[in-house]
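Data block below; observations after.
Chains here go by letter, A, B, C and D, matching the order in which they are written, and residues are numbered from 1 within each.
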Amino acid sequence: MGKYEIRAVGKVDLEKPASMQTNLHNRWHPDIPSVETIKDGETVKIECVDWTGGQIANNDSADDVRNIDLTRIHYLTGPFEIEGAEPGDLLLVEIMDVQPFQEQPWGFTGVFDKSNGGGFLDEIYPSAAKAIWDFEGIFCTSRHIPHVKFAGLIHPGILGCAPSAEVLETWNKREADLIAANKLDRQVALPPEPTNVHAGSADAELKEKVGKEGARTVPGRPEHGGNCDIKNLSRGSRVYLPVHVPGAKFSVGDLHFSQGDGEISFCGAIEMAGVITINFKVVKNGMADLGLKSPIYIPGPVEPQFGAGRHIYFEGFSVDEHGKQHYMDVAVAYRQTSLREYPWTSFGGGCIEYLRRFGYSDYQSYLLMSCAPIQGHIAGIVDIPNACTTLGLPMDIFDFDVSPSGPGKPLDMGTCAFETGVAEGRVAAGGKNSEHSFGGGLTYKDGPV
Amino acid sequence: MGKYEIRAVGKVDLEKPASMQTNLHNRWHPDIPSVETIKDGETVKIECVDWTGGQIANNDSADDVRNIDLTRIHYLTGPFEIEGAEPGDLLLVEIMDVQPFQEQPWGFTGVFDKSNGGGFLDEIYPSAAKAIWDFEGIFCTSRHIPHVKFAGLIHPGILGCAPSAEVLETWNKREADLIAANKLDRQVALPPEPTNVHAGSADAELKEKVGKEGARTVPGRPEHGGNCDIKNLSRGSRVYLPVHVPGAKFSVGDLHFSQGDGEISFCGAIEMAGVITINFKVVKNGMADLGLKSPIYIPGPVEPQFGAGRHIYFEGFSVDEHGKQHYMDVAVAYRQTSLREYPWTSFGGGCIEYLRRFGYSDYQSYLLMSCAPIQGHIAGIVDIPNACTTLGLPMDIFDFDVSPSGPGKPLDMGTCAFETGVAEGRVAAGGKNSEHSFGGGLTYKDGPV
Amino acid sequence: MGKYEIRAVGKVDLEKPASMQTNLHNRWHPDIPSVETIKDGETVKIECVDWTGGQIANNDSADDVRNIDLTRIHYLTGPFEIEGAEPGDLLLVEIMDVQPFQEQPWGFTGVFDKSNGGGFLDEIYPSAAKAIWDFEGIFCTSRHIPHVKFAGLIHPGILGCAPSAEVLETWNKREADLIAANKLDRQVALPPEPTNVHAGSADAELKEKVGKEGARTVPGRPEHGGNCDIKNLSRGSRVYLPVHVPGAKFSVGDLHFSQGDGEISFCGAIEMAGVITINFKVVKNGMADLGLKSPIYIPGPVEPQFGAGRHIYFEGFSVDEHGKQHYMDVAVAYRQTSLREYPWTSFGGGCIEYLRRFGYSDYQSYLLMSCAPIQGHIAGIVDIPNACTTLGLPMDIFDFDVSPSGPGKPLDMGTCAFETGVAEGRVAAGGKNSEHSFGGGLTYKDGPV
Amino acid sequence: MGKYEIRAVGKVDLEKPASMQTNLHNRWHPDIPSVETIKDGETVKIECVDWTGGQIANNDSADDVRNIDLTRIHYLTGPFEIEGAEPGDLLLVEIMDVQPFQEQPWGFTGVFDKSNGGGFLDEIYPSAAKAIWDFEGIFCTSRHIPHVKFAGLIHPGILGCAPSAEVLETWNKREADLIAANKLDRQVALPPEPTNVHAGSADAELKEKVGKEGARTVPGRPEHGGNCDIKNLSRGSRVYLPVHVPGAKFSVGDLHFSQGDGEISFCGAIEMAGVITINFKVVKNGMADLGLKSPIYIPGPVEPQFGAGRHIYFEGFSVDEHGKQHYMDVAVAYRQTSLREYPWTSFGGGCIEYLRRFGYSDYQSYLLMSCAPIQGHIAGIVDIPNACTTLGLPMDIFDFDVSPSGPGKPLDMGTCAFETGVAEGRVAAGGKNSEHSFGGGLTYKDGPV
């Protein structure tokens, strides 16, 4: 009894297109063939590609982010059959570890172009941008965001069991209703999309069916969790997942080395390929016994700890950067915690403004807030008309003193990666951090309402 | 140099109506006369009444909550003149301590009646309810919510400097615009209200002016913080507050023994009268130097600690309890983390459902989630159409095992206080925790959309 | 049901000599009369004088420390009769709160003169010294140790139930045996001492008996805890105390606003008078049921938190500052974590040396390590001949950057209080922080062995 | 820039005897040849064998522990030359990660036989015993100590730079002095030992020299740290190590998956082979600039967190289990926190006694206290004659409720591994956990002094 290894299932090949690997799939559908069977009580290692299936390169241009093909994401590993799991059970998934591949110790954070994916601040920061992060053990650093180092709060962005046909139909109907009723000038949901569908080892007919009916992986959904992007659902966490089909058909992917609450730049975590070690247990009749039709989880014991007093908290309310009052809009409130200060408002000065004092461009801060272990709290949600939210920036991720004292002392912060034509040109014109421009050299035309 | 005491300013009298005390006021207005001057660098003790000015009694009926007069709130202590503070400065407020009065070691949490105040879940739980909490040192317990004990994360719900005339005008205009544009079937903001205005020692003329122009204290506002209701803005916290008028005119009140993220039942904290000890420092030119036109804060070191792994987290998405899909609505998502499970939805089972297993009525859980140190996080805010939020319930506040295992084993949980006619009557009819009724005996008529 | 207060028992009078107050006593003896009865399950407030009974003044001289009368300490409040407690039970003591008196918001830390009390480093730092600490809410600061502020980890140094006659006899015998066998050139234990005995309301005869037999309060003892000086036995802690006599006869005192692990300067905590709020519960037959004949405790949830990474840890081994190797001596090892560096050893440079870089005198650091929330760990205790210990200094108690970087930049640190003749005189001669002298101006003559 | 890996240096071969691998050595000596050069600022991966060089097998007998050859330990990887390091510098070693080998996911904890190594409790528990631990990601479990699971506080037991010839001479002299003066009936230090010396790639002559002069690796030493066995010197820690020879000659080994404060059973950590990732930086002139001739360290941010209130603390004083009073003996005091209760003493009942209630044998508890993340604090070290120490047992490592309530309810705990002839034989005779025997079936003959 000397050497042995934990069983590896669902292997991937980083050199091969994700779309050609039968252990991967990129839609939720009950009929996608299982790749392997796992015993009740077993611990296995599951390999995952990054969520884009390798579309993003370790370089200094964000053109790949600009041109990403969003019909091809997210590539998940699975589905796995869990022995004995039946609809009505809960699948207790314990995340024993998550690690990047040893031979690919890096990841990326991206701001999507407003016209291709966008993000939480896309009306203000519409350009594609990127930061590459290097991993050294528990820590990461980026040549694109200097003077920052932090330990990964490493986790899977996506995990869940397959929907049943009924659940899938519910999803498709309610999201179609939303699309039908949409009056906003933006896409509000993603309907099934046959283009670039990948259904694992499905044959052509099944693949077509999955393309037509399969739910997109972008949103998390309350019936199974899915793309919940919960930063604290990290190592040691135990998640209770509703089982909707025989064998559970569990899939996982979209590994994150780290993420801030909100994952605000959409591709906002530090996205990576890697290996997740999971222990599976079937809780028979768990949905009824625990009264759960949605996932719950209990975090693990090894989250990086900074101490409560080592955070700077920004407060945001439901008044937007044009000075307009919204009614209890939490998203507006949370956005304000992050923004710069505008000359035309009587308030403001969130995290982006704060970090300008030290020389970070707005895009660097946008990227950083997306992927560093930022705390995003719903503070007050009942005092009409203003929801209050807070965004906590951990001070100890910086290698200089970021506490609030005296005028700013900018350091040389270099630049993050930009899409072609944006980075140098517009920055050169507007000047980095000038009053009316932003890190990407773009001018925010709008003023007060 | 034996005995001495920290200087007390702004004393209150718990036996006297709040409206007759010149150290209190209940509107924000730059002209409310200052009650005292505090030196730059000084630490003082400031006494506060509870936010209702004593409208709620330590008894077992929620009629007082039902009938609360909301034109009379919140009673704040101040304003205080801070020597040397000028517009453009920041006032650094360090909360050295907050304590209830020794002779009044109790507080209350209320659910407001839907027709008089309401709350985050008022469409489902429309009745007035109440829990009285007894304080013993750092801990509190309630006869209305048995088997629970926790340490206070004690803090002021409201603190801020007076608005300038310009800032006040901005507030009034933008909130009036919201009211004017309102198409919802509910009140969306509170305009100035002359009834029951209290302007401290103001003469009749000034009082009338304050009644006409003064901003209501209900919402927090980004220019000064105000009613931010941030549970972690507790002992040891340092808040940087923008100064808008000469002398800052700082006010404070609405003390909370504890509160959960969101303070969801509106009167959701454990409301109390007490004493706050504050150190004041003026940061000259701070608004420009730090780039801040809104408050920031750094938490203190003595928050109660449970350990990451000692929380149960509920996940909520932007699909409501009728099964309707919303677009990135964080409030909808956060509401789902708290709710029961409904037979007509394919998902659900939040904190209220979970606590039913142990015998708590829905109203007890609603009260508890409002005031216990619940963690409310914005997990993912970019995956259309679903925002994902999490609500973390600390397991160690219960004196029994609340971890997820096996079918529920209800304990005798007694009852919280209700408004007359609701408590016994409807509970008797529907039965506590029956499938189609709630703790208050009310039936939620609605089903799927 | 408006106002009420938690019952206060065992009141003290800060204006009156401790020796004249019948609620106090300064020996452990089963016959000292009880001062009051407390119900099983009751929460009460108990007032305490400082452990010296007021011998130390809030001034800038350590003459009072130099001349302290150690036959008169510690003054404890009690004993209290707990209804229903019998030998063999455990008394569950929950510390609901500890607070200084509002009208006496200060405390003191002392280094005892080597000839009168001494301390952990008395061979090196033999002079009496003192620091006065001012309390503002949860924080303390000292004019004698500038640039430091921290939250109190407030706790009672002493709590325990009275010994039975048999237990007392055991104590007296085993300590007498130690004294009889002593070959060290120092006092190794304190036998019963009739001088200045205080036995509460005992009559003359009983008082004489207590004087003859009563155990001194200095050492903690395994049968009842007593002067355990555990810094984390703070607010919210639950202690299980063996009961040796009917009614338990519980006493408490020696309140500390804060203390470091080891309380190294003997009077090393921040000593104060104040009020402790305790809930008492009798655990019938607890000693047998739990297999306990010594106290155990479970800490509370509100300890100040700094984050693991916000400490500087010094390592100490069983080689003393003369270069002599000891065998597994933990005290020698722990002493090394604290000391300066000596020119004649090939190792060294503990906390005192480290803090010299910033301008603190050795006596200031000695006082600070005694009372600040220092972590003292037994790291390795099996690798002959060296025990390894660590001493963790929290960085966040300083208002400047104490992290290890570059040469020292001394600040003006003023001075702590000294006994007459030492402070100015010898400091003037030797120079503060010169190579061969110490804060108190004393030269450590010894060199290598 | 797709795939790459962090550079691996100092590779080991688990299939080959440690004594035949030139990257390993088992003595401290300045002349042991360096195995590789590392750049200032570089991060590398270093492979390590377990400290015994593979003498312990993954089986259910402790005969290998019984017969371990202690002249052959510890096998360290190195020494490594760090570019630019000179005597007087500090080497800043940042532990980026520590991981077991993927193909050997297990480790061991051993109690040494009293006649071959011994341990902290060897007078009471003299037999060899063993527990094998299986690793699954961040967690470990043992078939020999059921119902326990915890996250590793993973760290190197040994790291340090080579001593100079002068430092080595100091070590040898002072330890020889101790041996010469020894009057105890046990070995007090380990002199240089030519048998089984391994000096890496040294030729025969040099090897002989190293055997004659080289310091044993067992004790940590204040000049360089070495075998400090500090459990919190874990991932993310930054250690400042004095440099004594050109190039520093850094070595590392004795990896621990977990360890309790004290590592009380000598082979008390969970010992493993694995890989440590380290970043090296040279701090020029650091010893003088920082005033350090001994190591200091700053812990990392990812220690497992349980919450203060999730520990049971046992108190120990300087009275031994025979009832004898010692003078300020910290080791005696710490030993008491761990022991069972004895019928002849009036006190007692430490961690071993406490865990008996749940069915653990004394040897199982002894092993568990050695390797689980036990907190060992020096509480009070000045109250003659009793030092007070505390041992904190984290409750959350057990999968059942270990809180103090009611009589014990033993579970089936199986058995740990024992040396031949002890386990079955003596256990059968005495009965597991009977009043006068211990887990290993041994009777502790002694009674009161």
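Throughout what follows, contacts are C-beta pairs under 8 Å (C-beta built on N, C-alpha and C of every residue); 3 or more make two chains touch, one makes a residue touch a chain.
Predicted, not measured: the structure shown is a model, and the values here were computed from it.
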Check your understanding: Within the chain touch network, how many edges lie on the shortest path between subunit A and subunit D?
Key -> 1
Study note, to complete from the structure: Of all chains, the one whose CA centroid lies most distant from that of subunit D is B
Practice item. Report which interface contains more C-beta contacts, comparing B-C against A-B. Key: A-B
Exercise for review: Compare the two sides of the subunit A and subunit C interface and say whether they are made mostly of the same residue numbers, over half shared, or of different ones.
Suggested key: same
Check your understanding: Centre to centre, by mean C-alpha position, how many angstrom separate subunit A and subunit C?
Key -> 50
Revision key, fill the gap. Here the gap between subunit B and subunit C, centre to centre from mean Cα coordinates and rounded to Å, is 40
**Study point:** Computed distance of Cα centres, subunit B from subunit A, in Å
**Key:** 31
Check your understanding: Which residues belonging to subunit B are in contact with no fewer than two other chains?
Key -> 236, 300-301, 303, 305-309, 396
**Study point:** subunit C partner contacts - residues on subunit A that touch it in the complex
**Key:** 305-310, 396, 401
Check your understanding: Touching subunit C in the complex: which residues of subunit B?
Key -> 1-6, 14, 43, 57-59, 95-97, 102-105, 136-139, 151, 235-236, 277, 279, 300-306, 396
**Study point:** Sites on subunit D touched by subunit C in the complex
**Key:** 119-120, 166-167, 170, 174-175, 177-178, 182, 184, 187-190, 218-223, 225, 227-232, 236, 240, 261-266, 268, 289-301, 303, 307-309, 311-317, 319, 323-331, 334, 336, 341, 345-350, 353-354, 356-357, 375-390, 403-404, 406-408
